[in-house]
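Structures incoming, each one as structure tokens.
You will see two complexes here that share chain A, one where it goes with chain B and one where it goes with chain C.
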Partner chain A sequence: MSLKQNLHNLKEKYRGTKMEQSFNALHTFLYMPNITTHSGAHVRDAADLKRVMNTVIMAMVPVLIFAMFNAGFQHYGQINGFPSGMSFFSTEFWNLDNFWVGFSKIVPMLAVSYGVGLGIEFIFATVKKHEVEEGYLVTGMLVPLIMPIDLPLWMLAVAVAFGVIIGKELFGGTGMNVLNPALTIRAFLFFNWAAWMSGDKVWVHGAVDGVKNAAGTDAISGETVLGTLAANKEVGYSVSDMFFGFIPGSVGETSTFLILVGAAILIASGIGSARIMISAVVGAAVMGLIFNNIVDAGVITESSKFYSLMAFPFWQHLMVGGIAFGIVYMATDPVSAAQTATGKIIYGFLIGFFSIMIRVFNPAYPEGVMMAVILMNVFAPTIDHYVVQANVKRRMKRLKVKTT
Partner chain B sequence: MANTSEKEPLFSKKNIGLVKDPLTDNNPVTVQVLGICSALAITAELNASVIMALSVIFVLGVGNVVISLMRNVIPSSIRIIAQLVVVAALVIIVDLTLKAYVPDLAKKLSVFVGLIITNCIIMGRFEAFALANTPWKSFLDGVGNATGYGLILVIVGFFRELLGSGKLFGIPVLGDPVEKTGLYAIGYENSGFMLLAPMALITLGLIIGFQRSRNKNLIETN
Partner chain C sequence: MSKDIRIKKGLDLKLKGEAELNVSEIARSKVYAIKPSDFHGVVPKLVKKEGESVKAGEVIFFSKTDEKVKFVSPVSGKIQEIKRGEKRVILEITILADAQDTFVEHSPKNPNDLSTEEVKEHLLASGCWPFVKQRPYDVIANSADSPKAIFVSAIHSAPLASDLNFTLKGKKEALKAGFDALQKLTSGKVHVTVSPNADFMPDGIKAELHKGYGKHPIGLVSTQIGLIDPINKGEKVWVVQIEDVAIIGELFLTGKVNLERTLALAGTGFEKPGYVVAKMGAQVADVVNANLKNGNYRVISGDVLTGDKKSTTDSVGFYHTQITAIPEGDDYDFFGWNLPRPNKFSVYRAGMFSFLTPGKKYDLNTNTNGEHRGFVLTGEYEKVCPLDIYPMQLLKAILVKDIDQMEALGIYEVAPEDFALTEYVCVSKQDHQHIVRNGLDVMIKEVG
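Coming up: the complex of A and B.
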């Protein structure tokens, strides 16, 4: 008997017991279930929830791999000096030393994120007697990608538990959550342990421990581009560094190039909404242009503390910080985003718009995109409601014209 | 007095119920969801929670008696103003007492002692109970409701102070976060979110959820 047949037999054995939900989750993870729908409409499509989730994970893999190399690259670069004239395929970047630093930091984060999150999902499924939903597969992958590299694992575990229980299960589980769970987790961490989530000490591995260089001073400072700008200092990274992602930042947010690759996968497979992504980019660009023009008009002078952030060219704003990552992987979350076509455009536009606004005006929240996405998650149902109502009104009018 | 004809013992079962019900199944905070504003605002420290609870017990207990004594002379058209005068007088007494004896704490509670006037529980009990019942019953009802409110304040305050600043009543119980002793030596850190109002609301929500999971009668069906 094959493993498949064995599992089907075991399934019968577990039916009705406490372990049923946990067993089914593992079973369907490996094989197609041997049950078919008995009633109602049948949609024959391979793109079930599991396939959708897996595609999103595929779209994140390039970012994840790059993040592991970048973690080491930033670490050694801060200690030994950065090589100049980097191109995307430089061997200074793609080598095993770099990879090992990132691997040893990011894999434990992944393990904690999945272990705690899925553990809670299994417990809830068993108690509530429903099937284990696949929703956490993507969240679990997103979580390490939006954290600073040196975050203590127990903090991550607490935050994941909070995000999954309060942010998701209390609302009814996968598909019912109002806020994006991954961002709920990040916001929780941000407000709880701000010293670990912001500032210039957390973005490069080793900065917290105070690794010393030969001269005996702190070797690693690792300020992000946005942090540098908020302090009105000169940015030391070239545009290509920012685009390819050779800059400090949250684990997976740095490489705009690979995020664009992910975006292409999501759009091509029809999973991520191109409407949201494009309108968000437009929104961010509009806000950035407004700020640039204010500076050009001479309203804000160099003495202002907002000067550097406002004068930063709008198209470069799109490449630094988490805005690209947020727009592609967070804003497009089908559960918490707006559902209507027009709604998606409004929703995306405002996310981009507010991201840049928060980023510029409140350097205490250097990551504007997190706040912007959470804010718009809350407003998404309202947007949808008014879009639908407007539609109803328009059609009612048409009906009246016809009847009179 | 009006109740002499009934010959009801002072602590009859009904009277005990007046104190006991608001502690659990008819809690003004978790079941009636009143007095939330102050429950969120001043519960970051256990000291403040306890002082606030005691102040409200005093104001509501005494206020209920006063209103009950005056219930037959207050014209119903101006009863809200009459009630406000009574609460205001009592709150000023509490406020000045606190300022005289615990000035530090009074500063921390700041405006919230004054705002006891607007605490929905107080006006609610005046309207719903003291205006229609005898002084003794009103007193028990006032003390019961204020204690129920205080109980929640203390529970929320306990968790917020313990997790938010690692202290209880201002005494460090988890070690010293600067010197890295106790729990802090192994990497524990205080949760800053606990000190912010949103987390107080979530804590309160969890308490409400916990209570309803133990007593299914409290779950509303809609």
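Coming up: the complex of A and C.
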């Protein structure tokens, strides 16, 4: 008997048992199920949620691969000195030594993220007797990409468990959560172990362990561009470094270039909302411009602790920190974002706007996109409510015109 | 006077197996059946018993809630069986047909000479009233109401739908009389929307003629109502299929209720897609068997988006004007969720490349292409829904049975068929039409 037939027999055997959900979750990865329509539309679109989620994951793969090389590049660069004037395709970046550092750090994070998260999803699906939904496939991929490289795996495991249970399953699972699960996980880590999620010690592999150089001082500073700016110091990276991503930061957030590639995949496939992405960029640019103008007008002088961040050109703000990653992969999560077309524009704009505002004014933690997205997740239903009310009012008005 | 209506949203599913414009002869069925379930919400009260003989056009049952609404036999013959299901619900009434029909003879009438009440009485008594449906709720109209307008869609935009220029050829007189009768039923306007190339409409009908441009669902009457004169809370609108206008017209011209349809047989399940003429209630087997291919095909009474799945012993649906046969999709597809599938169609470009070949026709099967999930993607339903409503918000309001919210979001303006396209594009594989039907039923019960 063929594999197909064997699996079919197993599926029938497990029907109604505790194995049903788990088996089906795995089975449907191998074979699109044999379910047919029974009424209503007898034909259905070829795309399902698996295909959609798979496309989102594909849009993250370039970033993931880059991240593995960059982890090693930052590590060795801090010890041995960075090459100058490097092009995007330079072998000084794309080499196996660099890759191995990232691979050995990021793959375990991926394993923990998927293992813990999917494990919980399987348990909930079995207990609640529904199919295992695909939402976590994307979340599980996002999680390592927004973490500092040296984060202990047990912390990650605890945070993932919290994020999936409290952030998602308590609300009813995929499609029901209020906050973006990946950001819930990150926020949980941030508020519990702030020292691991901020400051100048965590963004480059080896900084925490205090790898010493020949002179006996700390060889590796894990400071990000935003950290440097918040401390009113000179930024040592060129614009092209920042754009291509040869800078320290959370695992996957650094390469604005590859994030744009991901954005292109998401928009072209019709999965990611271009509305949210564009309006968020506009929102961030507007806030950045306001700060730039305040500085130009002389309201804020160099003595202010906000000076460097405010004076940082608005378009460069978009290339450092997590804002690009947040806008493309986090803000566009359809479940936690605004759901109406008009709502998406407002939602995106405010995410960009608040990201830069929080970034500049938050002294402890110079990145704002996580907080901005979570904040707007909370307000997304409110935005939608008012957009939908406009439609409702139009309907009421029609009735009034009729009756008078 | 003609006014154009236009939609930009929507989706034309291009399927293989379009019906060729010729009528093939089929033998008269031996057994015909009427199914009360074709008339949503009607609880039948039988007039005839098993074994009694009936004429074509003679009343078999009436509605328990509105006793004036009568349902008549399409053929003359003998009541063969009254099939009952659980709790003695009447499933169908089968009639063993005579070789030749003898009709109940009404006297021919000119609707223009009659009063509104007389037209109503005539339609009710002759069994033509079930053709008149009402919005909101998509049920048979209450004869005591007076609607603000009557809408007739004379566009078939659904996939593989029958060609009205062909099926309504030579029915100008009947249509004219039918519209005369409809105009008597309302103090408002009768609106009829045709496609730009329609040539079956008689001149000088008593109705406002509109031309509709755009993709499916331009042919759905809710789309037309929404663009021409939307329904508000408390208002009633009646709708009649264009084919049924002709049947009503024929009743006034000849005095006979001729429950006959020119059905399109379409889809890849047929050897020779084409047309047949059959009495309503004919057995599916008698209509399709000579033409149906051997193999695993699903026979659908109606179009692929809104029709009913039928076995060969079932009867053709009362309101349906086409029968579609498409392949069953009850097979597994190896890595079907991520590999490109050139033989399937998707509005998304997620590893699917159907957007590169916009003119290509597909042979789609009945596989759901995925399992049922919660609502996740947003903004996709709006692309295929030209109505001024928020489809997902309305569906969610229905799922939680929030009556105020359903009302605010426009449930009075929709019928299940309006959610066929959103159901098609739904990656979560939710049954939108089923949800909407439940929502409408809740509204009937709670609001009335």
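Here is the rule we use: the second predicted complex is superposed on the first by the 391 of 404 C-alpha atoms of A that agree within 3 Å, B and C clash if a C-alpha of one lies under 4 Å from a C-alpha of the other, contacts with A are read in each partner's own complex, and residues count from 1 in each chain.
In this text, a residue touches a chain if its C-beta (ideal position, glycine included) is under 8 Å from a C-beta of that chain, and two chains touch if they have at least 3 such contacts.
As the structure is a computational prediction, the values presented were derived from the model and not from experiment.
Should A:I166 be classified as contacting the first partner (chain B), the second (chain C), both, or neither?
Only chain B; A:I166 stays clear of chain C.
Which partner does A:F191 reach: the first (chain B), the second (chain C), both, or neither?
A:F191: touches chain B, not chain C.
Counting only touches as set out at the top, which of chain B and chain C does A:K129 meet: first, second, both, neither?
A:K129: touches no partner chain.
Who touches more of chain A, chain B or chain C?
The partner making contact with more of chain A's residues is C.
Identify the partner contact of A:W154: answer first if only chain B is touched, second if only chain C is, both if each is, neither if none is.
So A:W154 only meets chain B here.
Contact residues on chain B for chain A in the complex?
Its residues touching chain A are 187, 189, 191-194, 196, 198-199, 202, 209.
Any idea which chain A residues touch chain C in the complex?
The touching residues are 4, 7-8, 24, 28-52, 54-55, 131, 133-135, 172-176, 268-271, 273, 334-335, 337, 339-341, 344, 384, 388, 391-392, 394-395, 398-399, 402.
Using the touch rule from the top, collect the residues of chain A that touch chain B in their complex.
Chain A residues touching chain B: 152, 154-155, 166, 170, 188, 191-196.
Okay, in this complex, where on chain C does chain A touch?
For chain C paired with chain A, touching residues are 13, 15, 230, 232-235, 298, 300, 304-309, 324, 326, 328-338, 341, 344-352, 354, 364-380, 382, 388-390, 392-393, 408-410, 416, 420-421, 423-429, 431-434.
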